[in-house]
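Per-chain residue numbering starts at 1, and chain names A, B, C, D, E and F are given in the order in which the chains are listed.
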Amino acid sequence: MLKDITVSFAPHISQPLSTRRVMIDVAVGLLPAMAVAGIYFRIHALLLIGTCVIWCAATEWVCNQIRRKPNSLGDFSAVVTGIILALSLPPGLSLWAAAIGSVVSIVVGKMAFGGLGANVFNPAMVGRAFLTASFGVMMTTWTVPASIDAGMPDLSSDDTVDTRTQATPLAWSKTAIKDKNEAKTYSSRLLFSTVTGEVAGSLGETSAIAILLGGAYLLWRKTIGFHIPAAVLGSAFAAAAIAYLVNADAYVQPFFHLTSGALLFGAFFIATDPVTAPLTRRGMWLFGIGVGTVTMVIRILGEYPEGMMFAVLLMNAVTPLIDRLCKRIPAGGRPHA
Amino acid sequence: MTDDLKDGCTFSRGVHPPESKHLTEDRPIEPGPAVGELSILLSQHIGAPCQAAVMKGDLVEAGQRIGECQAFVCAPAHAPVAGKVKELALKPHPVLGRCQAITIEAQDPTPPSLPSFDLPADFDPARYKPDEICEAVRDAGLVGMGGAGFPTSVKIQPDAKPPKHTLLVNGCECEPYITCDYRIMLEWTDQVLAGIRLAQRACGASKVFIGIEDNKPKAIEAMSAAIARAGSTGDIRVVPLQTKYPQGGERQLINAVLGRTVPTGGIPPMIGVVVINVATAAAIADAVLYNRPLTHRVVTVTGEAIARPGNYYVPIGTPVEALIEFCGGVTEKSAKVVMGGPMMGLAIADLTTPITKTGGAVTVLTRHQIGQAKFERRQTACIRCGRCLEVCPENLNPTRIAHAVKSNLLDVAESHFIGACIECGCCSYVCPANIELTGYIKTGKIFLARQRKKMPA
Amino acid sequence: MATDSDGQTCVYKNTLLAGLWRENPVLRLLLGMCPTLAVTAAVKPAFTMGMCVVFVLVCSNVMVSLMRNMLKPHLRILMFTLTIATFVTIADLLLKAFQPDMSAALGPYVPLIIVNCIIIARAEACASKNPILLSIVDALSMGAGFTVALCVLAGIREVLGTGKFFDIQVMPKAFVPWAALSMPVGAFLTLGFLLGLVALITKKRS
Amino acid sequence: MDTVYLLITGFLSVVLINNLVLTKFLGICPYLGVSGRIDMAFGMGLAVTFVMTLSGTLTWLIDHMVLIPLGLEVTRYVCFILVIASAVQLVEMYLRKFFPPLYDSFGIFLPLITTNCAILGLCLFLNLWGIDSLLEAVVLSVGGGIGFTMAICIMAGIRENLRMVDVPECLQGAPITLITAGILSLAFMGFAGII
Amino acid sequence: MMILASIVDLLSSAWMAGLIMLGLGFVFAVILLIAHEKLKVEVDPRIVQIHAALPNIDCGACGFAGCGGYAKGVLENPELIGRCSPGGAAVAAKIAAILNLQASESGPAQRPIVHCRAHTADRTYYAEYQGIPSCTAANALANAQACKFGCLGFGDCVRACKFDALHIIDGLSTVDYSKCTGCTACSKACPRNLIEMVPFGHENMMTVACSSKENGKTTRAMCQVGCIGCGLCAKQSEAFTVADNLARMDYAQYAPCGENEAALNKCPTGVIVYRGKTAPPPREPKTKQAAAKA
Amino acid sequence: MRSIRHFFEQSWLLIAASFFFGLLIAITNAALSPKIEQNRNSKLNELAGGLLPDATAFTPIAETIEIQALDGKQQRLVVYRATTGDRTAGWVFQVVGSGFADKIELVVAVDAAFATIAGFDVLASNETPGFGDQIKYSYYRDQFKGAPTDGLTLVKGGDPTTIDAQIVAITGATVSSTAVVRAMDHYLPQIKTQLQQKGLIGHGN
């Protein structure tokens, strides 16, 4: 009567959510940032994002092929990695460097550990860190947005940086720290631009509005919880406020720190990468506070103007320890012997 | 009592799958099919299986005891119909795979008739001695009908240590699709209440709460009205609970109603609470007042694939096949036959599997209901999204436990309290990666049990 | 203690090349990882390091082999350490005298040869149980394996990290060096993937 | 005040910025070998910290009290390693005899770390950095040990997780540990300049 | 002369270093010897033996804190033999000798026999199993495979075998007797207890490769090659007995003789087979033979 | 008495070996130390020769040049005069900067008029390979050839091939790069003034 029935473990129904859907949601959440990048950096944005996505996907495909594993492109996580990597790169970066970064992201950051879900470190940040270490100059050369530099060429040729470059807001704040001077001028002059995004910086990080829009979408879709962003932003704000209270001339005002650099972008899209963040809510708070604090320590005390990438990688490394610390105890308490 | 209905009594975490009860909730209990051959499994409960008391070829009466008990935690079996013992052989069992069973060829296959039930006007549980109640329940072969199948007589045993202060009646029926308990509460209200009072009398509990989810307002109303009618009992209360799965799990129910927590690895009696299901309560009344053994039960046959879903009164031992056929067969392309509901039920392969005392439903799911991805087991790796942790009613770390089992690290699984899992399935239900977390946890428990048996301390 | 009826603890003459692959101290036995990582940013220091290790290995194996019948069990490790430390000091002095540049480049990693597990491992496993000649062969074989492994690693890192090989430009002008490979991260990653490759080859073979 | 500041910065520098494992490649053998489980890693870290403090201090004293006054710097390596080896062996025997529980929990790590280059390496670096106060030598030795403990515990945490995922077969064990260490050393670069 | 002079010259500047080192050596020798005498601790002699067999370089490659730790660990858990990579196979052999692993064997070596011979095509399935690919899991989900006694073919035993001596071939667990060491891991892993450790007194052993206790009719319905308990074999040879619808071989009584051979040939379902390094392929069941002839 | 004999039975080898090895080390050291010393000097000469290829001889000048070191202490500096025939080809001296890991010893050569730098080389440094030790690489050093002797500044990013007072930092090694520039900025003007005072070079632009 009944043919080809199947048996499997209960439960036999599930909620209609898949990994792919989660990843697509993240990509949708990144759309505003990508759009703003497109407006300010034109074809450069498009080329960088395209390069990173294609190379990430292709690398993942090749890795699976080598390991004779089923193709895993369908989960779209490689695409998300590609987009996030691209959005964290300087707009003028040569495409071959972006390709190297993508390959490193996927091979070293992800597939070496066993693919989706296995990686300890955020793949995009591994790629970016490798690029920073390898091509330091290129990775700290910032093209100004097209709205400032009307003459921005349509295509960057690989060898010369022939666009106008500019220091980023954080570079300015670093100068202020070094000179113990003028922090106020910088904050007031740049705060508005960091909100709209009309400043130099990595592709996706410049516009606070676009990031908040995407972040709100992810929160609404429950793709991310509010814990990590809140912890990152809260702790970073606290650290910046302390510095500001100590010396308002040297340290820019805390709001400026929130909107400039990669803090917002990282808080909503990078630190929230579920694979590399702790599992429990308490762990997420600790993780977020760690990311925010380390970022600000590096920004305020360190040699680098921005510390998001390092902070994320460092906290990724201690995530297993955080998980251990925040181990869940059953509702009925620990069993007796 | 309807006036102090309050919402929102519940436990933490859990999920809310689509209820899908509309298929059968308005269908009154009807007699099931006439069956020619019934197989009474000798192990339908937790504890030692009973021993066959008849031989091949013996003639048996309806209600005759055919399986005897040798152990304390055990329940006898009875013949639902008159007929001849056809054979003693292995028959498919929903949990054990195959199990000894007594197959009875019915003398004249007729549809079962619904039990008549007139509560004497002067019914007073105080007239029964607790021991008598317990003994009658034991003789009737009663086991928990809510799913776990623990012999009820052991549960409600008088003078147990520690003393029982509360009797909780489980009318939640939190599983999607199933409506047998609901119909019992609506139609056999007085019988349920009588059973509750008898159970209370037996175990000596001073307080009784009947927990019912707030998606069954009619049942709440009916039970409350019955209590009011009975008049005497100020100590029985209906507690409406928020609709959420697994509200009916006893640990969750106790937490929701009493705000107390059963210790991990423990059972409700440890904190002085007895939990019984409403169908069990009805059967207690049957057993004590009418001396009727547990030979029939109400089964919800449901699912989008069933042509004529409904709630049926069927003899225990009826093959699932016969039931499905009786309900008009399947309409759509069916994908899975589940004994029980879709969250905790057991998928069965062999449709000659007989109905057991604990099996309140047969759900035939279609691919559409299961979801194509789940049907084809399209899994990705765990993305550590933490959703499974968010819903686990026992506050466990399902992904960690499951992956430890998968990687054969049983010590890690144990260190994350694999034993505390109630196998509710919430974690698997929400997992976007479609990982069979509950399945791995179940498997891990089996591994561990075997390991312990092989290596005695 | 039985010596070499089991054949594995010491490399025989006919398997002079065993140290290169089958029992390569770095790639197969994972011994002496610290210098392997530390001095392989370029081929020249790596090669120099290899030579130093060969020198110390040969000398200490000879000495230990000479003393092998006089060793007392609980002072044995102390004797080994003393011997090795002496020859490392001599190697360091020789380097300072004849290869001052390399001496500066290798810095503290030359004295750290003292605690390089390879040397004490060979002293214990081979020289303390075998005659001099065999000990020397063993030292050469192991030393060669160490040197080759270092040079392979250094070669990869130097070419990609600086575009040069043995200080000679080999990559085209347009190549932008991947500086990360000259940094600590490059050492770890390259060795990690190299070991992975070795494991792959070994598995394929068996 | 100045000394305190100096000590703090020195300490942080040797823990974070000049981490012996991640930037100086010292003690890689135990780092690869004993980082499989957190409790083992932590015990190892404690033992290294202990021995490092002991031998850093001792060798600094011998260097400055005996060798430099006598002009015998050339025997420095021999003296250092002998001092370390004997001191550790003594401590180990002592613990084993008089404090068996303590020995069981961390004494078993002691022999392993005698031949570990992190110890000798730190002594040599103290000399190379021209540390000329005993206090500073002690603080840096402790810091070196703590840096090692931190690095090995982080790695152990990661490796405990990696047991449950599908790391490519040829990369299991030492290779993936090295790759992880590489990324860690990248991450620690972020601390450059904070002191 | 010149050379001698320069040597004297060198020596005169070197004696100081020599003396210092002498003193140093003296001091350490004193300290360590005294410590050795005073701080001696008694330990299990086997630990000392194992320790002595190890390379004693305390490299930590075994995952223990040094050779001492490994010596202790391997004593407690012999599965850890072979973890010492510098020592290699030779050291592993020595440790095994010290732990006396082989010495416990008396009589013929134990080897596993899988008591099922049905390949996927021989079996009946009621439904498609879509669960976790593990025998233990599949066994918990009742009855996808009709025979409740037969090999499930998900290879829990294969995963348990550390020697690559088991493989699933067409859904049936098959032992490679040339690789098997008789470690019993597989027999512990099988959730259906199909794998029995058997004293292998001969190159090949005869066995009834079935475990089904169903009655003959049911067995036939579920499996083409199951034991139907007909008892023909027991009539041919003493070595066979039938109980619970299942024939069994008494391995202690087994010898390659005509009677046993006859039992094998009489078996209608071909469930009596040889297992071993050079075992001939199993006979086809009578029904299949008939079908093939027709 | 017996225990002393026991002791010597056990440890004579260790003691004897200690003595023997001590001698071995000391002899080696004695034999090699002149060579090691010589290496240092010849390296200076060789480096200087590389920086001022025209020069045929380097002679220390007789005048005392007193300068203030980076840490504030006064110290004497040996300045070599490089000559081609009898014409002064330039000046060579050694300065010390404080680098990332340790001090950096530099050999600096300037032209005869002390107006532009002829070049520098690294005598000793302990900068991290791949990071700070890139100050030895020509792409970094060549920036100094022809740069003015005062007012050097360090910039991040830019074209290292243009010769001016702007020195482009090594990426990821700002500290090392700064150390070189700072050492130059600190010492060169001091030495220049002293040489001018001693009348060895003219006062001019």
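What to note about this one:
In this text, contacts are C-beta pairs under 8 Å (C-beta built on N, C-alpha and C of every residue); 3 or more make two chains touch, one makes a residue touch a chain.
This structure is a prediction, so every number in the text was calculated from the model and none was measured.
Here the chain-to-chain distance from subunit A to subunit F, counted in touching steps, is 1. Both subunit A and subunit E are touched by B, C, D, F.
In this assembly, B is the chain whose CA centroid lies farthest from the centroid of subunit C. For this pair, subunit D with subunit F, the centres built from the Cα atoms lie 32 Å apart.
One finds 37 Å separating the Cα centroids of subunit C and subunit E. Remark: subunit A and subunit B have CA centroids separated by 49 Å (rounded to whole angstrom). Among all residues of subunit A, those that touch two or more other chains are 5-9, 108, 112, 114-115, 117-118, 130, 133, 136, 303.
Residue positions of subunit C with contacts to 2 or more other chains are 30-31, 75, 77-78, 82, 86, 89, 93, 107, 117, 120, 179-181, 183, 185-186, 189, 192. Counting only residues that touch two or more partner chains, subunit E has 16-17, 20-21, 24-25, 28-29, 32-33, 36, 57, 59, 61, 126-127, 129-132, 137, 141-144. Every pair of chains that touch is listed here: A-B, A-C, A-D, A-E, A-F, B-D, B-E, C-D, C-E, C-F, D-E, D-F, E-F.
Across the interface of their complex, subunit F is touched by residues 18, 23, 74-75, 78, 128-130, 189, 193 of subunit D. Per the touch definition, subunit D reaches subunit C in the complex via residues 22-29, 32, 74-78, 81-82, 85-86, 115-117, 119-121, 124-125, 128, 168-172, 174-179, 181-183, 185-186, 189. Residues of subunit D that touch subunit B in their complex: 163-166. Residues of subunit A that touch subunit B in their complex: 1-2, 5-22, 72, 75, 77, 114-118, 225, 274-277, 279-281, 327-336. Residue ranges of subunit A in contact with subunit D, taken from their complex: 67, 108-109, 111-115, 117-118, 120-121, 126, 129-130, 133, 294, 297-298, 301-304, 307, 309-311, 313-314, 316-321, 323-324.
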